[in-house]
Amino acid sequence: MTAALLMVLIPVLAAFVGLLVGGMSRAAAAVFSVAGPASALGIAVYLAVQEPWSEPLVGTGFGGGTLPIGATVVDGLAVTVALMVCFVSLLVQIYSIGYMRHEPRYSSYAAFVSLFTAAMLAVVVAGDLLLLLIGWEVMGLCSYLLIGQHWEQEEARRAAVKAFLVTKIGDIGFIIGIVVLIGATATTLLPGAVQAAVADSTVATAASGLILLGVLGKSAQFPLHAWLPDAMAGPSPVSALIHAATMVAAGVYVVARMYPMYLAAPAVLTTMAMIACITMLGAAVVAVAQVDLKRVLAWSTVSQLAYMVAALALGARDAAIFHMLSHAFFKALLFLAAGAVIHAVGSGALRDMGGLRRAMPVTYATMTIGLLALVGVFPLAGFFSKESVLVAAEQATQGEAEVAVWVGWTVLVVSILTIAVTAAYALRVWLLTWSGPRREAASGVHEAPAVMWVPLVALSVPTVAFGFSALKDGWLPTWIQATATEPLGTVEALAPEAATIGLSVVAIMVGAGAALAARRHESFDRGSEGSFVARGFGVDAVYEALVVRPFLVMVGWVMVFDRSAIQRTVSAVGSGTLRAGGLLQRPYRGDVQRYVSTAVTGVVVAIVILLVAVAT
Amino acid sequence: MHLSLPLLLSVALFGIGVYGLLVRRNAILILMSVELMLNGVNISLVAFDVYWADVLHAGQSLAIFVITIAAAEIGLGLAILLLLYRVRSTIAIDEVTQLHEDAS
Amino acid sequence: MSERSLLSPTGVDIVFTLLGLVAVAAALLVVTTKQIVHAALWLVVSLGAVAGCYLVMTAEFVAWMQVLIYLGAVVVLLLFGMMLTRAPIGPSEELTGTNRVVSLFAAVAVTAVLGVLIVDAYATTMIDVDGQESTASVIGESLFRYWVLPFEALSVLLLSALVGAIALSQSDEEA
Amino acid sequence: MSSSWLLPALLLVPLLGALVMLLAGRRAEPWATWFGVGVQSLGLLLTLVVLTQFSQAQSGSMQMVVEADWIPELLVDFRLGVDGISLPLVALTSLLGWCAAVYTVRRVPEPGRARAFVGLLLLLQVGMLGTFMALDLILFFLFFEVVLAPMWFLIAFWGSGERRRSANTFILYTVLGSVVMLLGFLVVMVDTGSADMVVLANGLGAEMSGGAQLTAALLILGGLAVKAPMWPLHTWLPDAHTAAPTVGSVLLAGVLLKMGTYGMVRIVVPTLPDAMVSIAPYLAAFAVVGILYGALASYGQDDLKRVIAFSSVGHMGFVLLGISTLSVVGINAALFGNIAHGLITGLLFFVVGGIKQRTGTTTFAGLPRGLYAAAPRLGFLLGFAAVASLGMPGLAGFWGEFLALVGAYHPLVPERWFYRVMLILAAIGMVLAAAYFLKVLRRVGQGPVPEAQLDDVATDEWLSWTPLVALTVILGVAPFLLFELTDPAVRVVVESVAGALP
Amino acid sequence: MTIQSIDLLTLAPTLVVALGALAALVAELVTGRGQVAVGVGLAALVAATPLAVVASGEQTLCSGADAACSFVVSPLAVALQLIVLVSTAVVLLMASADVTDRTVPGGEFVFLILCSASGAVLAPATNDLVTLIVALEVVSLPTFALVALRRGEPRAAEAALKAFIFSIVSVAVSLYGISLLYGTTGVVGFDQLASVATLTDPTPLGSAGLVMLLAVIGFKIAAVPFHAWAPDTYQGATVPVAAYLSVVSKAAGFAALLLVTWTFAGWSEIWAPIVAVLAGLTMLVGNAVALRQRHAVRLLAWSSIAQAGYILVPLAAVAGSVVWGPGVTGAVIGYLVAYAAMNLGAFGVVAVVARRTGAESLADYRGMAWRSPWLAVALAFFLASLAGLPPGLIGLLVKVRVLIVPVDAGVWWLAVVMAVATVIGLAYYLAWAAQLFRRPETADNEGAPERLAIKSWTSTVAVAVCLVLTVAFSLAPSLALGLIDRL
């Protein structure tokens, strides 16, 4: 049992114990809910200080009739992400103690969060594809369970099912991709399989393309992004978890983990870049039109994830991871803060908020930091990480990436545009929440309890400070690639460059100015509820038409076919035999003369047929 | 003499017997018809016996047996008919249909 | 035994044919007559003619058995049967059923098929009726030489028919 | 070997138990169910002894073989044995039989008559165990048939709804199948002069001419496909499940269906390799149609039991797909899928039975909503079983299906690209399976919080269900426990097919 | 005049039965008690059984140098004789109750049934067509009287008349067939006929004769289209007599069929297709019509028609690539042995039930498991055996044994027809079995005394004998399937 595996199993254990004792004591459930991620965090720290890792990969692969599961890989990438996951999830658990104070099903909730964390950690440390699959799918399950936490509400039920099924659609590709990888390389060890796949570009393209489908689902990229905004139906801490530490990060992480294979498949990288561009700008535009605080944040997540995907597409894995980490901090912060606001106001609608600055000072301060980081304002983490993506794009325009130059240009232009839109919706949210007059719904609002605001403060720290790691030249990439099982060969600096800084500053100004200019417009408050844009450009309708409707139609066909063709055939055989029995029964009316005539005729017919047969 | 003559006679009697068997309603007449059939059999048996000059006289022996069998059959058959007549007051064969498949 | 065409009759052939015609005609009347008692009488004629045929074929013993058992016993039994079942004395339409066409068809089919086969096989075959002797002693010897077993079995058959008939005639009186 | 008494004992124990139930008078009624538990516990104990005596190192060959002349006129010897392929199924049967017995103690279904009920369950056990241990074609067929009458009684007399009709459909349909299978066996026996499954599998069967092999294989597969059930021969299954009492459904889905797929691996593949190589792609196509069809049909059902029944069609489709690859991975996957489906679907039917006992119905229209709140533990188990059934990695249900796909990537037969298309379709089927189970959970488990509480899971229910839950998790995280057992035996089977390839 | 030499010991089984018949008649006349006749009859049958085994391989009534014997006891014949003797004994046990309550007159009844049985013992040992046809007449003629003897059943005479007319017509047809065969070959002995059939091709006339000869066999085994009399006659007769007709009379028919087909093995291209068509029709029609039956005895009648179809299958398979031989006869005998046990058992239970409760229709059997659990279990077991469903293993195994032959011969359609027919058959046996275990319609019926509490231990013994035999066969199927090899 390796420490990495222990890091996965302890939260699982905590979840089970919490579930068992939770029925008896709420406090015990809370203790275990915190104990799980806390121990995992401890192990993660322990692993981090072990660096350099003598043997990053522990475990054996498939073959010889056995199917071992549980090979782990511990390298810089894994440890970094694991630290972030444990940290965020620990804060989420602490925050939940307060936030879910009145929740009747708290113990199962806390257990699911722990399990969720464990699953993410399993993905992070997975050294074999099977453990990866387990973590990947269990995460999907946990998202379903947690989004559906308030299953007595129709909205939550639907959102949960939608989240599960949409990501499952992506998982068709993911599973087939893993099958192809295992099938083609005859190993289940992740590094080994990836290395073998790199050698064969067909396999690399097929596997990475198929796995990308799963990534699109998990990381909520177009066209499989539609579940994420609806996932707001879950409690806010869950959103924080999904949007920051687990689920969405998993997709990006898996690409990073298999990165050499992706680099061997330029076509896939180009596709990724295009998808990222569409998602990035589209989601940001949709975010502008939202009425609900959490929905704005949700769409912003979709948009920000696209930055990471774009970075991955451009060959800048470390930039992607950098943005993933900083995004995890500020997005968790934003969601927890939003949760506090909603908790206090009792509604998620922006129009019910406003003027809360004084009532909730801590929340106000931390959320402001979060929003600024989201926009990418110096010197917050978001600024540095986003800049590193822009730099990667800029380098791609110079032809320094695996993809074509035009791809780099497209990403660069779209990224800058998106920064402007991001600034616009972030400012809108800030204005509607904190400034202006207080609304009726928010009359008796006061600050959240300490158990809730302490995590906010804790998250503000890395949100403010983490970005500076980029200034220490190459520190993060070196760390990430330490004892890498799949070394990339190059260590790129994540430091910002003047050109991109200038472009983004201009973009932020334009966006913020637009938001201020529109402030007097009536739809600034209300958003454009129900409009085409607010509904995410009608992607749901496309789903309805392309997936749901055909599925139901096919279900209908199968039902009809099963009843009228297959079952009817079977019962027709049965009733036909019975009817034949009835018909055959009819001649026996008791008249012996008829009986005899049949027999005599039978003999004659037999003779005639026989003689004819013999004669011919 | 021609072998075909007795054989044709036998076929004719047999055929006539079949006709009577199938067309007659009165059970006694049916018994008579069967006797005609058996006589047809016997003629053919005897003719073949003579034809083969059978030292075992299988044909004629069997013919005698058939005659005896016929007598036994008639005896028992009439007993059954009389019994039937006692309970049913008819021996019309197409009215003796109390035992039959139930109509369904 | 020489081969001869069917259309070159000998004297024996003619006698046999005449007797055969009588037998067939009487048989036809048996199955068609509307008076049940007539049927029995025509049966006597037919069976008698057949007995004649046996004689022509030198099957003396069979002929006598025919006369003794059939004419002496069977027909008498049948007549008793008619009496006891109150058979109608006069002409009656009820003696014949309705399925005349089917019956005719079946009878003609049987006759035709077998007739064709016989003519096909034996149209020119002759039998020798002169050198044979089938007197009671000859047949009796062969019966006891070769056919003891069926003969004995027949005794069981006759006895059981007898007992059965008696039992049946008593059966309802006791109950 | 000194342990040769074990397998006959394993059969005799339930058989004698059934006889005792038959001979005991009405006085036995009160203790009949406890007696059933005792007998099944003894059987389970014997199975554990078999498991410990079994040499895993030699799981590729038959162990604890018992041989006795029986009917020389039919070439039939009484020959039993277990290897890595059959042992897991024997263990599964003993376990499910035990669970069923424990469940029955307090829950003899209407109209009671515990003595007959227990006796029939024990008789059923004999047939099921015998099928997996028989090493003679006719003996296999006999045991295959032995299960029919008890199951028919269970459905027809302790069932619900259209039980009589369903029971008749079940037995007539499956008998038609097994008669067809018998014809195939007879072809093999007439051609080779042997009914010894081991000898036949070790090359005697392969000596048959191509035509004879094909005839025999089509007949045998046709018969087994009814039992499996393979689409489109599945019609008997949903009706039987809907009508059957809880333990009947559990054993029907948990064990009886496996007899079909087991027969394919045990008999058809090694005995008729040439025919199997040419039939395999068609089998794969039927399997995949079954997967998709099962999923779509499940979604359309309005009765919980029917949903699960159609889900079985889909799951067994994966098993068939695994077999049709004829590869080591695929057949291992099929055997794993057998066991996993037995555990999970067994659990599902137990839970649904529990729901039915509490609410009196299994139709969506009749069931109250919000089971998670009305009976949280029962709801949890329903959710657990559903999630396991929809193929969640980390639970047993996933590995059989996943490895069937891996097998389909590298089938032993030449039609590689065809199999890859099948692979994609089957993977789509996995997602569709999620759709209908989520529908079930959404309809039954979730919903407005009900006012009335239901009795939550009782102690005896925990006792009989926990082994299934535990094994589902254990095999889910440590599938190698089973693969190490089956793999050597599967390699022997696949070697015999590999020889048939050009 | 030289008379054939007679070895009485070889003939003993037949003689003992025939003399036993007379003795029974006399015993009843002397003592005036029907049960004495039954006892005498049983004693004769029991005595004849070991004698039959002893006589195996012997022959007698041989005439001179050509060594053609009238009575030849092959293992096949012994097997059939054993079936006949044991079955008749069981029937007597069943009928003993009828004698007691004077439904039938004791002495006459036992006399007639033993006369008939003596014919059935004789038939398989005959060695020429003449003796065979006479023996068959001996089998059937007394049975008509037996059917008609039933008192208090106005339809008994009708039942007897139908069988009688059917019988005499089929005998007439067969006799004509014999005359044609005799005409074409000039011989009637089986050995001589066999050599003719081996050496020459069938002539049209000979073929027609052979087909016509099958008529009486078809009547005896009630094969379609010679079957129509059976349900009506079985229904009108007492249940033991119906059982006798369905087992012993059929066994005699199969004896004749085996002898004829063995004799004309060289002409199998003539008779095998006919037998195959008969088998197919019999299985399908028998089972299909049985599906619709609601009267217990009628159902058993149609079921025994169907069962005869199964027994025909091995012989029919000679149309394919198998030849007449041990493979075929073993299957036929094996099935007949099992059939005798399970079918008599089913009839036995029906007899007991009819006597106790007056039950006739299947609906009357509802809840029987409550009233008489043992009988219900026994009947269910017999039905399962007839259906070929475990636990009635022997029924299944003999079906397997039979089915091997057409598969071996490549007569696929017949194998498939049999398979389908078996499945259809299962349906009605099951439907009946289901009735047994259904809860009685009124609750107070449970454990209630039978309506007509006439119990007869002999009938129970008859059922028990059948049950023991069927169970024994199921456990050690070689007892039935290998019977012929042991004789």
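Letters are used for the chains, namely A, B, C, D and E, taken in the order the chains are written, and counting of residues starts over at 1 for each.
In this text, a residue touches a chain if its C-beta (ideal position, glycine included) is under 8 Å from a C-beta of that chain, and two chains touch if they have at least 3 such contacts.
Because the structure is predicted, anything quoted here is derived from the model rather than measured.
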| item | value |
| --- | --- |
| Minimal step count in the chain contact network, subunit C to subunit D | 2 |
| Chains touching both subunit B and subunit E, listed by label | A, C |
| Contact distance in steps, from subunit C to subunit E | 1 |
| Chain of greatest Cα-centre distance to subunit B | A |
| Pair with more cross-chain C-beta pairs in contact, given D-E and B-C | B-C |
| Farthest chain (mean CA position) relative to subunit E | A |
| Chain nearest the global centroid, as defined over all protein CA atoms shown | D |
| Geometric centre distance via CA averages, subunit D-subunit B, whole Å | 63 |
| Centre distance in Å when subunit A and subunit C are each reduced to the mean of their C-alpha atoms | 101 |
| Whole-Å separation of chain centres (CA-atom averages), subunit A against subunit E | 77 |
| Distance between the centres, which are taken as Cα means, of subunit B and subunit A, whole angstrom | 94 |
| Residues of subunit D touching at least two other chains | 172 |
| Where subunit A touches two or more other chains, by residue | 582, 585, 588, 590, 592-594, 596-597, 600-601, 607, 611 |
| Residues of subunit E engaged with two or more neighbouring chains | 130, 134, 137, 141, 144-145, 148, 161-162, 165, 169, 173, 176, 204, 208, 231-232, 289, 292, 427 |
| Interchain contacts, given as pairs of chains that touch | A-B, A-C, A-D, A-E, B-C, B-E, C-E, D-E |
| Touching residues on subunit A, where the partner in the complex is subunit C | 593-594, 597, 600-601, 604, 607-608, 611 |
| Subunit D partner contacts - residues on subunit A that touch it in the complex | 64-69, 130, 133-134, 136-138, 141, 144, 148, 151-152, 157, 161, 164-165, 168-169, 171-172, 175-176, 179-180, 182-184, 551, 554-559, 562, 566-567, 570, 574 |
| Of all residues in subunit B, those that touch subunit C in their complex | 1-9, 11-26, 28-29, 31-33, 35-36, 39, 42-43, 46-47, 49-51, 53, 55-58, 60-61, 63-65, 67-76, 78-83, 85-87, 91-94 |
| Contacting residues of subunit C [partner subunit B, same complex] | 4, 6, 9-10, 12-13, 16-17, 20, 23-24, 27-28, 30-31, 36, 39-40, 43, 46-47, 50, 53-54, 56-59, 61-62, 65-66, 69-70, 73-74, 77-78, 80-82, 84-85, 87, 94-97, 99-100, 102-104, 106-108, 110-111, 114-115, 118-119, 122-123, 125-129, 131-132, 134, 138-139, 142-143, 146-147, 150-151, 154, 157-158, 161-162, 164-166, 168-169, 171-172 |
| Subunit D-facing residues of subunit E, complex | 330, 334, 377, 384, 389-391, 393, 396-397, 400-401, 403-404, 407-408, 415-416, 419-420, 422-423, 426-427, 430-431, 434, 437-439, 477-478, 481-482, 485 |
